[in-house]
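Given below, in the form of C-alpha cells, are the structures.
Two complexes follow with chain A in common, the first pairing it with chain B and the second with chain C.
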Partner chain A sequence: MRGIEVVASGLATTIQDIGRIKYQSAGFPSSGAIDHQAHCLANALVNNEENAATIEYCLMGPTLKFTMQTFIALTGGTVQPQLNSHIVPMNQAVPVHSGDVLKIGNLKHGRFGYLAVAGGGIQVPEVLGSKSTTLRIELGGFKGRTLEEGDLLPTCDVYTMPSLASRKVSVETNNTTQIRFVKGPQWNLFSEQAQHKFMVQTYHISNQADRMGYRLRGKAIEVSQSNMLSEGTVLGNVQITRDGSPIVLLADRQTTGGYPVIATVIAADLGKLIQFSNQMAFNFVLTDIETAVKELKQQIKKIQDLRKLWQQKRYMEPIGPARKAALKIGKLF
Partner chain B sequence: MQKYSYSIITVGEQTVNVVFPNQINIKENLYIQHLNQLILARNDPGILASIPGYHTLTISFDIRIYDYNKIFKLIKNILEKKSFQIQSFHKRILEIPVCYDETLGPDIQDVAAFGKLSVKELIKIHTQVEYFVYMIGFLPGFAYMGTVPSQIAMPRLDRPRTKIPAGSVGIAGAQTGMYPVESPGGWRLIGQTPLKLYDAKHPKIRYQSGDFIRFKAITINEFKAIQDRDSSGEYQIKISEVGE
Partner chain C sequence: MELKKIESIIKLFGNSKLTRLKVKDGESEIILENKIFTGKNIVSSAASTSASPHNDLTAVKEKKDQEVISAPLVGTFYTAEAPGKSPFVQPGEKVKTGQTVGIIEAMKMMNEVKAKKDGIVEKVLVADGTAVEFDQPLFQLKD
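Presenting the complex of A and B:
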C-alpha cells in the first residue's frame, strides 16, 4: 500500500477533520481539529476541502516517510520542518516524492500543529460521518488511537497542484493577550463581583490542558454551590467548577455538562487561546454576538478568498516539468 | 396539551439554547424531544447539531446559512404553531437485562440498607419502573434516566471510583443510568447489563433521549449467555411500543 509511513510518532498525534458534529445528542464528543482555523488553512493550501482529514500533533511533531507523490502543508504551532534534512517553510504547499522523509520536530511556539496532504487528506474510513479520532472512546481516525511507529496511512497520489508557486500565506504572529467572549448561558448566576473578577484578572493555562479542555489558573471566582441541571455544551464554553476555577471546553469535551457556564470564547479567538503557552498571561474581554459573528465570518472569508485566488491563478502559473525536474535534481545533492 | 413557556438565549455566535422551565419533568422533556425531532426532520444543512438537556435544547447552526434572527424565527414558528403537540402520546420501551449479583453491583447491599429493604425487594422496586431517558451525555450512550423511587434513591458516593466496568448500572439520587464504557464515576452500582452499550467498531447507540427503559433481572448464567449472543450480534433488545 502506498501512503505515509510513520517513522516517529510525535506526541498525541491523531487524525482529525472538522468533527463528528451530528452525533452529540447520543453523547459522542464532536472532536475534530482543536485548532479549526489552522486545520482549514492547511487543507486550503493543498487544495483539499475543509473537512479532509489532517494529522494533528501536540508539542512534538511526527517524522513521516512518503511512499507516494503529493503536496503537503504545515500550519498551526511553529515548527522547523525538515524534508530530507532541508528546512521547508510552514504555511505553504510543498511537493513531496516517494522516499522523502519529513521530520516535523518540536514546536517552538504553540501547542498543536497540522499536516495536510493533498488528494483529499488521510484516507481513513469515516465513522459516524467523520474521520476524527476520539481517543477516550477509541473511535474513528486511525484505529481509534494515536499514531505509532510503523503505521501506514493511506493517501492518494497527486501529481499537479494548481498555482503551486502562490500557495503560501504569511500567518501574522498574534501578540494579543486578550481573548474575547460573549456572556454564557449562566452569566446571570454569577454575582456582579464574580463577573467583574472574571474580566479583570489575568489567567494562565494550567498543566491540566488537553483536547477535552483547558483548566485555567487564576484567583477563584465565587460560584453558587447549588446543583444545576445538565445541558448541552458548546465549543469554547467557560465552565466554572466548584472550586472557582474556569475550564474552557474544547474539541473532545463531554456533550453535556452540569457546571455553570459564565462565558463562551468567540470562535475567532479560540485558535489563539488554544496555542497559548503556560507562561502566557491573558485576559477575558467581553464582546457582543454581532462582533463575534463578524469576526468569524471574516476568518472564513479570508480562507475562501485565498481559495478563489489560487483557483483563478490556475492557468497563469502552471507548474512545469522543468520545476519538477529541478526538485529531483536538487535532491541528488 | 399543555404549552410550556420558553426563552431563546445565545450561547455563542453559532449556538442558541431554547430554555424551558427549570425542572425535571417528563412531559416538559417530551415537549423538548418533540421540538428536537421536528428540527431534525427538516434535514436542514444549516443546523449543525442539537442536544437535548433536562430542560433545554442546545442548537448549533452554520453562520454562513443562518443568523440569529432566522434561527429565532425558525424555533418560534415551530413552537407556536397550533399543531405543535406531542401527537398521540407514543411510548417506546426498551428492556435492558441486568444481573443484580453482588459481584457485578458492589453497592447493592448499601442501597438496600439505605431503603431498609432486602436485596430482593430492592431489585423488585428497581425493575418495576419505566425509566424515562431525559438526555444522553457524559459518554456515548450514557442515558440520564428517572425517576428512581425515593426509597432507593441513594445519593452518589462521596468519593467516585476511578474505574467502573462497562455495563455497570447505578443510582445517583433520583437518577439511574448505565456506564457504556469503562470510566471513573460516583454512582452507586447495583448491577450490570451484559449488553455492549458502546462498541467502537459498531458505534450505534440503541436508544435515544425520549425513550423509556425497563430493567429485567437476570441470573449470572443468563448474563453470560446474553453476553455471548450480544457480542455475536444475535441478541435483540425487546422493544414494546405503547400508543394512546
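Presenting the complex of A and C:
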C-alpha cells in the first residue's frame, strides 16, 4: 500500500478534520482540529476541502516517510521542518516524492501544528461523518489512537497543483495578549466584582491543559455555590469551577457541563489562545455577538480569498504542474 | 565618580577580554566582573585546571553541544518516575544511549527524556519539578 509511513510518532499526533459536530446530542465529543484556522489554511494551501483530514501534532512533530507523490503544507505552531535534511518553509505548498522523509521536529512556538496532504488528506474511514480522532473514547481517526511508529497512513497520489508557485502565505506573528469573549449563559450568576475581576486580571495557561480544555491560572473568581442543572457545552465556553479557576472548553470537551459558564471565547480568537505558552500572560476583553460573528467571517473570508486568488492565477506564469503527462514528458528531456 | 566616567569604564571593560576590573579613585571604588565568563570557567576548571582560559572556553562550548542532555520540549521536568521514588539517574552514574534520564510533563502527557549518547552524569542542572524551556540543558555529562 502507498501512503505515509510514520517513522517517529511525535507527541500526541492524531488525525483530525473539522470535527464530529452532528453527534453531540448523543454524547459524542466533537473533536476535530484544536486550531481550526491553522487546519483550514493547511488544507487550502494544498487545494483540499476544509474538511480533509490533516495530521495534528502537539509540541513534538512526527517524522514521516512518503511512499507516493503529492504536495504538503505545514501550518500552526512554529517548526523547522526538514525534507530529506533540507529545511522547508511553513505555510507553503511543497511537492514531495516517493522516498522523501519529512522531519517536522519540535515546536519552537505554539502547541499544535498541522500537516495537510493534497488529494483529500489522510484517507482514514469516516466514523459518524468525521475522520477526527477522539482519544478518550478511542473513536475515529487512525484506529482511534495517536499515531505510532510503523503506521501506514493511506493517501492518494497527486501530480498536479494549480498555481503552485503562489501557494504561500506569510507566517503571522500575533503579539496580541487580549482574548475577546461574549457573556456566557451564567454571566448574571456572578457578582459584579467577580465579573470585573474576570476582565481585569491577567491569566496564564496552567499545566492542566489538553485537547479537552485549558485550566487557567489566576486569582480565584467568587462563584455561587448553588447547584445548576447540566447544560450542553459550546466550543470556547469558560467554566468557573468550585475553586474559582476558569477552564476553557476545547475540541475534545465533554458534551454537557454543570459548572457555571461565565464567558465564551469568540471563535476568531480561539486559535490564538490555544497556541499560547504557559508563560504568556493574557486577559479577557468583553465584546458582543455582532463583533464575534464579523471577526469569524473575516477569518473565513481571508482563506476563501486566497483560494479564489490561486484559482484565478492557475493559467498565469509560472504555471504549476498542471498535467501528469506533461511532467513525465518533461522528465524525458 | 561621575556617571559618565563609570559608563566609559563599563564600555571599555565590555570590549576587553578581562574577567575582573577594579578601579579606585579617591573615596570611590568600582569593581566589574564578567560573571558569564567566570561561570563557564568554573564548569570547565572542574574538567581541567591547566589549560589557558581561552582554550577552556572552546572546550566548554564543545561540551555544551555534545555532552548536555537538553529538554526536547517545554514542560515540567521531573527527575523521578513518581513523587517519592528514587531519581532515574544520580550524578556519577553511567548512562547509555536511549536510557531514560528524566520526565517532562507537558499538556498532561509524560514524555521520557532519553540520553543521546553514553556517558557519566556529571551534574543535574535543573531541580525536580521546575518548568523548563525548549532546548534548556538538563544534564551535564562527561565521558
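The rule is simple: the second predicted complex is superposed on the first by the 316 of 333 C-alpha atoms of A that agree within 3 Å, B and C clash if a C-alpha of one lies under 4 Å from a C-alpha of the other, contacts with A are read in each partner's own complex, and residues count from 1 in each chain.
Throughout what follows, a residue touches a chain if its C-beta (ideal position, glycine included) is under 8 Å from a C-beta of that chain, and two chains touch if they have at least 3 such contacts.
Just so it is clear, the model here is predicted, and its values are computed rather than measured.
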Putting chain B and chain C on the same copy of chain A, do they fit or clash?
-> fit
For the superposed three-chain arrangement, angle chain B-chain A-chain C (C-alpha centres, nearest 10 degrees) equals 120
Looking at the overlay, does A:Asn47 come into contact with chain B only (first), chain C only (second), both, or neither?
-> neither
Once the structures are superposed on A, label A:Leu59 by its partner contacts, choosing first (chain B), second (chain C), both or neither.
-> second
So, does A:Thr155 touch the first partner chain B, the second partner chain C, both, or neither?
-> neither
Among the partners chain B and chain C, which is in contact with a greater number of residues of chain A?
-> B
Give one of first, second, both or neither to describe whether A:Gln239 is in contact with chain B, with chain C, with both, or with none.
-> neither
Check the residue A:Ser25 against both partner chains and state whether it touches chain B (first), chain C (second), both, or neither.
-> first
Scan A:Gln208 for contacts with chain B and chain C and give back first, second, both or neither.
-> second
Which partner does A:Glu231 contact after superposing on A: first (chain B), second (chain C), both, neither?
-> first
For the superposed model, what is the least distance in angstrom between any CA atom of chain B and any CA atom of chain C?
-> 17
Where chain A meets both chain C and chain B, residue numbers | none
Residues of chain B that touch chain A when the two form their complex | 9-15, 17, 19, 22, 24, 36, 48-58, 60, 63-64, 67-68, 135-142, 144, 180-181, 198, 200, 203, 205, 208-209
In the complex formed with chain C, which residues of chain A make contact?
-> 11-12, 58-60, 106-108, 111, 207-210, 277-278
Which of the residues in chain A end up touching chain B in this complex?
-> 21-28, 30, 127-128, 137-139, 144, 182-185, 229-237, 254-257, 261, 264, 266-267, 289, 292-293, 296-297, 300
Touch list for chain C against partner chain A, complex | 72-76, 105-109, 111, 131, 134
